[in-house]
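These are the structures, in structure tokens.
Paired with chain B in one complex and with chain C in the other, chain A is shared by the two complexes that follow.
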Partner chain A sequence: METALSTSALVTAALLRPFAGEDGEFKAPGIDEFVGLPALFFEGTPFEINRIIMVRLIALTIMVVLMYLALRKTRLVPGRGQGVAEMALDFVRVQIAEQILGERLGRKFLPLLASLFFAILAMNITGIVPFANIAGTSLVGMPLTMALVSYVAFIYAGIREVGGWAFIKNALFPPGVPWPLYILLAPVELINIFIMRPVSLALRLLLNMMVGHLLLVLAFSSTNFFFVSVSGPAAAFGALTLTGGIVITLFELLIAVLQAYVFTLLTAVYIQQAASEHH
Partner chain B sequence: MLSSSSIVTEAGAAIFLPPAYDIIWSAVPFALILAFFFFWVMPRFRTILDERAELIEGGIAKAEAAQAEASAQLEEYNSLLADARAEAGRIREQARADGQAILADLKQQARAEATRITATAQQQIEAERQAALVSLRSEVGTLAIQLAGTVVGETLADDAKSTAIVDRFLADLEAGEKAAK
Partner chain C sequence: MDSTILAQITGNIATVGYGLAAIGPGIGVGIVAGKTVEAMARQPEMAGRLQVTMFLGIAFAELLAFIGVATFFIFQ
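The block that comes next holds the complex of A and B.
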């Protein structure tokens, strides 16, 4: 993982080197976009708030306020706000909860899935919102917390629906496999289900958001560099990087929604697998 | 955690090791979000969905009830119509039968009346004939006697004798008539 990230940082640096070489001033965006940010409030305490934390809190607050305003006065024939909120909630209810988990379990786990979906969506979208310009999920704490919630949820579902022993047995010794294979399969499944699932949930979200931010910074800072610092025909590259930045912005919008969907969907799938008798 | 992160900072591992404030500012807001969705958003959302489903189902049930009522009424109407038709047919039949009976009755009465009238007339004729016969007998007898007295020149003054003669004559006449018949 460390090597993967440092590789990505190296790649971004390498991409920029030809341009950076022309003028020593250009600095490729790197890990310091996320680590070692100056504190805004409560410096040095466990309640320290830096830029990303603040964006995260504002995004969640706005999401809660919008949801509250939309559903404050509910009517049978919905107005605009209620209509949009209902459509979004219905998407999670129908496309994720009920499709994966079915009627009964879907109903049970819908609040959890909706919380995950809307929280991730709100914090992802800030990555392309002007003045925020960074996803609230691009610090590891939030993806990790949500992955842990998902982890606890599917283990709870397994114990609750099929019983602790049957859940472990189904997970580690899947039926329909010749028994000698269990020697190989059980450890693989153990690592896969109880370690890799939460880790991959957290890292998929975190790295998608980090890389998206790096790409945007790269595109727009290089555009700035070409237009401001470079003179002559080379400055025309700025138009290219600007176009690239706009395209990446639209792409990030898609990624923001997609990652919220994927995280929630996988949580639902894990719950379904844990809760079913055989899988 | 601080010491471990300081060791591996240059490798970028700090990205994956959240400081305490990151954990706190993740867990607390997300816990609040969970509570918000569990206790406020989802109950409201469910209420809306349930109300709407109820409304739609209620509407469907109402429409079905109306449909059932309408078809029941149609059936009732049809049966009433059939009853009325049967009744009308029956009445028509009855009227026809009654008419025929009345006609037959009237014919019978007329026939009886005619018979009676005929009988009365015959009786009257008979009575008149008898009366005529009686008066004729006495008058014809008297006339005949007078005529004969005149002719004979002798007065058949003895009434008893003349009456006997006339009666005998008439009896002979009747006997002759009967024999002729």
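The block that comes next holds the complex of A and C.
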């Protein structure tokens, strides 16, 4: 009985003071939030599942199930679920696919763009969902995979629409430039298109989500620190950090949607540039 | 000669990096957004396309700031 009591007291103390270091000072969140997480299932195998990977799987499952339920029986006059799903899909079709790619190419690449958009959205939004609290895209694996999909897509579009040789020629030797400049321009374009594009796509998404999570952890852990570990009038700063945390949560909702939009938009732009005869 | 330390900073100079890295992209994003507002005020009917272009421009400028964040973790 007594041991159980003291254990629960210890657990409570650990829950209440996780952010004060040994000397009672505030310990800021760092890269440990993302790397070296303890394994939850299948420890030691290549299929080891930690918190972030579990969040990814759950987010994608929920997104697929929601889409299936909403579009299982499509009717001419949509119900509530179908209406929302159609509005979201229509946003991708009109605002991204058709606006950038035009009617024909837009229709062709819509499945790819819509899948990218909703997968990224599902995994971004978990950053502010209670009990998940970390974005599935805040480890490099997922953004890198998405970037590779986009990379393959725009090279495929280039080869398919204008032919392999013309695609390379358009990309490396843009027309309308005096020929001596090609000595300078071709290597720059080579690095820009075939290396920097996928890398920057992945980095942009990854770092947006990482930084958002760090900001949230910083705001809420410092609230915890001020309310629990600090005594005296300085504890009132906790109210400030708590307000900041709530504002950042709302801001993260915006960022989650915006990053999904920007990623899909850039993929569409790259496809359009690759597929056009001359840009 | 005995020296007296008046002030000292401990820790890593990389923490200053993000502050420096954010200056340029901050100005850049501001110019992009401001010019878009100007253009939209001139031609409200183009607002949709201008916004798309604005987000593209912001995405490119913003990336530099995020690379600034990454260097803090890399050189920690």
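Simple rule for what comes next: the second predicted complex is superposed on the first by the 255 of 279 C-alpha atoms of A that agree within 3 Å, B and C clash if a C-alpha of one lies under 4 Å from a C-alpha of the other, contacts with A are read in each partner's own complex, and residues count from 1 in each chain.
Operating definition for what follows: a residue touches a chain if its C-beta (ideal position, glycine included) is under 8 Å from a C-beta of that chain, and two chains touch if they have at least 3 such contacts.
The shown structure was predicted, so the numbers you read here are calculated from the model rather than taken from an experiment.
Enquirer: Answer with first, second, both or neither: which of chain B and chain C does A:31 touch in the superposed model?
Expert: both
Enquirer: Output check: A:115 vs chain B and chain C. Expected answer is one of first, second, both, neither. What do you get?
Expert: first
Enquirer: Report for A:99: first if it touches chain B alone, second if chain C alone, otherwise both or neither.
Expert: second
Enquirer: One more residue to check, A:210. First (chain B), second (chain C), both or neither?
Expert: Both partners.
Enquirer: Could you say whether A:235 touches chain B, chain C, both of them, or neither, answering first, second, both or neither?
Expert: A:235 contacts neither chain B nor chain C.
Enquirer: After lining up the shared chain so the two structures overlap, which partner does A:266 touch, if you call chain B first and chain C second: first, second, both or neither?
Expert: Once the two structures are laid over each other on A, A:266 reaches chain C alone.
Enquirer: Once the two structures are fitted together, what part of chain A is touched by chain B and by chain C alike?
Expert: In chain A, positions 31, 203, 210 sit in both the chain B and chain C interfaces.
Enquirer: Would you mind writing out the residues of chain B in touch with chain A in their complex?
Expert: 8-9, 11-27, 29-30, 32-34, 36-38, 40-42, 44-45, 47-48, 51-52, 55
Enquirer: State the interface residues of chain A toward chain C in the complex, per the touch definition above.
Expert: 30-31, 95, 99-100, 200, 203-204, 207-208, 210-211, 258, 261-262, 265-266, 269
Enquirer: Give the list of chain A residues in touch with chain B in this complex.
Expert: Chain A reaches chain B through residues 1-3, 5-6, 9, 31, 34-36, 42, 45-49, 53, 56-57, 60, 63-64, 67-68, 71, 74, 76, 78, 82, 86, 89, 93, 110-112, 114-115, 118-119, 139-142, 144-146, 149, 203, 206, 210.
Enquirer: For chain C, which residues are in contact with chain A within the complex?
Expert: The contact residues of chain C facing chain A are 48-49, 52, 55-56, 59, 62-63, 66-67, 69-70, 73, 76.
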